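Here subunit A shows up in two complexes: once beside subunit B, once beside subunit C.
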Partner chain A sequence: MSQSTPFGAVEFAANPEPRCPCVLVLDCSASMAGQRLQELQKGLAQFREELLGDPLARKRVEVAVVTFGGSVKLACDFTTIEHFEPPRLQAEGLTPMGSAIATSLELLTARKQVYRGNGVSYYRPWVFMLTDGEPNDDWHAAIHLVRDVENSKQAAVFAVGVGEANFEVLRQIAVRQPLQLRGLMFREMFQWLSNSLKSVSHSATSEEVPLANPSGPEGWAKV
Partner chain B sequence: MQLHDGERRIELAAEIGRGGEGFVHAVAGEPTLAAKIYTEMPGQERVDKLSWMVQLLRRAPELAEQCAWPQRILRDQEGRVRGFVMTRLASQHPVHELYNPEQRKQTFPKASWRTLVEVAAQCARIFAGLHTHGVVVGDVNERNLLLDGLGRPWLVDADSFQIRQGERVYLTGVGVADYTPPELQGVRFSQVVRTPNHDRFGLAVLLFKLVFMGRHPFSGGLAGDLGAAIAASEFDYPQVAQRLPHLLPMTAAPGAIQQSFLLAFGAEGAEEGRPSPQQWLQHLLSFAEELETCPVEDAHAVPKGASRCPWCQIEASLHYAYFARAGRDQYVSTWAPRTDVLEELCRAMATTAAPPDPTVYEQPLGQEQVLALAQRVIRHDPPAHVPSYYVRVLGGLMALSGTAFLAQDSGWSAKALLGPGIGVWVAGVLWQRGRLKPWQNAVQDLQTRLETVVHHGDLWRAEAYQHRARDRQIAEAFSLLTDRHLGMVARRQQEIDKLERDAIDPALQQALEQVPLLQADLPPAVTQDRKKTLLLRQIQTAADVERDRLVGLPGLTLPVIEALVQWRQALEVRFGGRRRPRPKVDQYVAIDVNCGVLQEGLEQQMAELVRERQASTAYAEQMLDHLYQRGVDNLAELQQRSEKMWLQLRHGTA
Partner chain C sequence: MATDHWAALAAAVAGSRKGTRGCDDAVAVEQWRHGRSVWLIAACGDGAGSASAGAVGSQVAVAAAVAACREALESRSQRTARRDRGLDGAAVVQAAKQAVVAAAQARELPVRELATTLTCLVAGPGWTWIVQVGDGAAALWPQRARPGAWQIALWPARGEYANSTHFLSDDRVQWSERTMARAGAVALLTDGLLPLGLDLARQQAFSPFFEGLSAELRRAQPQQLLVHLQAFLASPRVAERTDDDVSLILAVRKSPGPRKATGHGDGHAAA
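Right, the complex of A and B next:
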């Protein structure tokens, strides 16, 4: 028989809702230590709370957390918000942003494979990267990777700079306009992210959802 | 804002929901009404639409059955339209909480496949009613269908329905691609006039999700994109379900249902018409009628005459149950280990001080000096008594001279001196004794007091040791009770396990025990080696073949276990036996109540121990204070007396 049980079968039998995957790629290099990381941690917790309150989004939005500080780590593999426990972030080392982006995109490809294997549809994945510095590894490959997934609409890649982030590099990597975080408005940023994911997860898998402008006068970002 | 619905003033109460265009509020004093208030002032188009909907309702009151149809328009003081009132649902759950398997098990634990089919039928009925009146839902999606407290579906967001008024059509303007037919994919909803046939597609998607465990009929293909899959008419669930054995196969549903879905999702239906809500209603009602309870598992509903239970088959291929099992799973236990109470008690115990240590007793200040003084007084010679001394000397002299006279043989003077001399001397001694008696008494008294002071600490220590010993017993008893309290989780589980083990019919159990594995005709997957493993593990008869006992045995892979379990099930059927019904909810309740009572008992005993320690400590501390005070008093008395006697010694007077 050609029948087989794919990876994650129980998970998708229990909850066959279409998935809205989102990878949070978080800079945890040494420069993030202190208040920045604390605020980021609080923002993550709030992000979970917000999405948990939405009966549909909690079953559709899946989060994975990739951190880069010293090395690239998968701090939390894809899980629906219902089961998401924000990881404890720790700041250390340099900023291997290039390989963090590559890892995230690989992670997404693998996850989409799992969705397809289980016959579950999905929304265009989001990659949401946050950094306060500049890459110290080879990031030029990341430019092509990001361009490819954006052009083929396989993923939407957002880059957010904090403090003294190198926007020259971010502009080169991200196809979309990189955003600069105002002060330490991580909570506002995650509020926006959860709202956006909520509206995406309420839409159809094929729809382009207009997002609230985060760089408005009340917003958390400047362009 | 003052609102009026044309008949009376409407007082808004708490907000109970919000959507893209407005808020839904409860209405004060009207528990069956809700008010939708638009955030933006509605335009003329919307005002006309609402007025027309209210008029339609007067002609066809059935429109408001299981549908949040606008009943009366709400206007403010200036007469501007601000919203409308509609039926309010007592408790509401979006339909996805019913069709999503995991959520269903939590929110609707008693729902069976039959429940799902019945809800599907009611959805079809609502659509049928609307379509008869020329109303098209338009924006069909899982958030616009709510279930009330009785589990009946209701369509909400009625003001977005597409309504026809003569030549004029009020459009819906929005839609969700997942529920949009292929012919409308990619079309801008704001300009499209929807037809009932468009609605029938959305309805069919909704019905499909209800019948087929929340799965969308179009899985989205390679790009995961449902809209694109629908546009390409890739109704691929039948293939996906063939590939994945844990999905409910299309063939589990009756032929009429299968045919209807094929027609609804195929290209043919787009041109020649998809199954109408009325047709769905008939098919679904007879489908629901046909479902019976699976002989093995009460939670499974099986079509009459099916050769095998599809749910048993699914559960055999994947360790996942789509339905909450009867009894245990349906029983929402309110029992909790009460760790908070336990923690509170442990904290109370830990923060209650133990009785004071026997060694904490301190002797009053200056005790050493006082003792030394008293000892000196005691050891000192008694004070001299001068008059009696002189009397004794006089008596002595008289006796001595009497003796001398005796030698000189001067008879009478010797007699006259010796006899009285002795008498005087004796009188002197007696006088001295008499005068010293009070002193000696005082010394004796001093001695007693000194000993009291010296041994006063012992008195305290004896008392304290008793309290400490009792306290150790208290602590031990408390920790024993804590363990028993913590063990309640395991104990409850044991009771539940026992309850469930007993669920098998004794006659059937006996029959199964008569089938030894050694001679039995086992499935081919059970090789000789595996048979040996089973026998070694005391699995000797068919009665021992239980999934829980098989899992984890060496060499027994899941397919082998399944084969064995199915073999046993086949035997059960052959013996005409039937498992006893699963334990009733009441039996679980009884266990929980019992555990609760036991826990409370333990907690009371623990609280009693805490109180006992508190009392013991308080008593011991009081005792310590009291004894100390007495020690101080005793010492003061001793000091006073010693000093007085010492002064007497110093002044040499008795």
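Right, the complex of A and C next:
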């Protein structure tokens, strides 16, 4: 053998990692003030830690945070977990949920274009919305937007209600069964979300990634 | 009479994330001789991680595809053999699918539980033919191209998302085929290696990857290299870029003619 380690000098293409985008759409209206928002804030920090500990997920999962309380704000634009700093959440105002959903879906469309333009492959994006109330803006357009993206598999949209959230409305908006958070189990919810995103970001050629059922006896949700 | 032959290497290694779960990829390679000519027949498949018997699916599919190619070569008449430019893609895909369906029935499983991709290549004296289902890839260096100018035969067929592709088990199998020039070297890879061997932004082969691999095979005996290829595929260098199963078939044509003073004396080693 002419070399001590055959294949030791093989070069690899310098490709970017495939991306797994996730938009967190968080209700920061006045009713979230106090313990709810504190627990949500802690959950968000834990979400970051969980994904940071996974060498592939930290490079592949991209998070954006849209808040709705008084107005809709882009609290954090898409960034990989490595660079994600959970924004400081503040509760104020009413609940413009309809426009928060529209903003989130626009954000995703733009992000996909960035991926395509840079030859980056990606997984089906997730929109994860959390609310403790009901929309006070025109949310009927959101029904069609969500239905369109779900039917065309452009994104998976999850809705989670906390406390007195209006499930009548959530059921109309989300194609998937909305979930009701047990108590303030935000940490468990974010643990589930990070585990699910880890599974997706590690998947290679599987059509559907099976998710753990969050509404099992030990889960964080009720349906 | 001295003839061409191929030096070939094939390995499939379980991905780093899978722990005790085995490898769902499968590889098969053989050489078929006729008169003074030799054909390389190679196939690789990637059993879907979401399917319970993906490993069975990929093994059955690659074995059936290689057999179907060999039988197609054997059954050609002298006359058609001179004119043809590749094999019948529909027939090879059909043979592989039938084998997967039969294996599913024998196990009383739905066919989708044996979901697998398939990339199959036949490299003859005059042409190279590739048929593909899903997101594997075949790369080749046409012998008349400048050294190192590798080409991807068919771009891996993916849906919009990184984790969606077509499978042999789909109701309507989506496949494509292509006939290319006589190859001096070929490589088949499953999707785990795509981030390493393909320049995704430019949609072309990353030639240094394939050239680095095939250069070793030109120098040394395949038997001696196999263990090194397996070690390479399982190495942290590869694992840090992908945690999927990785498989690779690599073959270089070794022509007779003036033996170069390589000092190895391996100019006529058969695979």
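For this structure, a couple of remarks:
One rule holds in what follows: the second predicted complex is superposed on the first by the 206 of 223 C-alpha atoms of A that agree within 3 Å, B and C clash if a C-alpha of one lies under 4 Å from a C-alpha of the other, contacts with A are read in each partner's own complex, and residues count from 1 in each chain.
Throughout what follows, a residue touches a chain if its C-beta (ideal position, glycine included) is under 8 Å from a C-beta of that chain, and two chains touch if they have at least 3 such contacts.
Predicted model only: the values in this text are computed from it and were never measured.
Residue contacts after overlaying the shared chain place A:Leu193 against neither subunit B nor subunit C.
In the superposed pair of complexes, A:Val66 makes contact with neither subunit B nor subunit C. Using the contact criterion defined above for the overlaid structures, shared-chain residue A:Leu44 touches neither subunit B nor subunit C, since it reaches no partner. Of the two partner chains placed by superposition, subunit B and subunit C are both touched by A:Ala9.
When the shared chain is aligned, subunit B and subunit C each come close enough to touch A:Gly119. Overlap of the subunit B and subunit C interfaces on subunit A: residues 2-3, 5-6, 9-10, 13, 15-18, 55-56, 118-123, 202-207. Put simply, subunit A touches subunit C in their complex at residues 1-3, 5-13, 15-18, 55-56, 118-124, 153, 200, 202-210.
The touching residues of subunit A, counted against subunit B in their complex, run 2-6, 9-10, 13-18, 55-56, 59, 112, 115-116, 118-123, 202-207. Across the complex, subunit C meets subunit A through its residues 15, 17, 46, 48-51, 117, 134-135, 158, 160-165, 191-192, 195-203, 206, 208-209, 212-213, 216, 219-220, 224-225, 228-229, 231-232, 237, 240-245, 264. Of all the residues in subunit B, the ones that touch subunit A in their complex are 94, 96-97, 100-103, 142-143, 176-178, 180, 185, 213-216, 218-220, 222, 224-229, 236-237, 240, 242-247, 317-320, 322.
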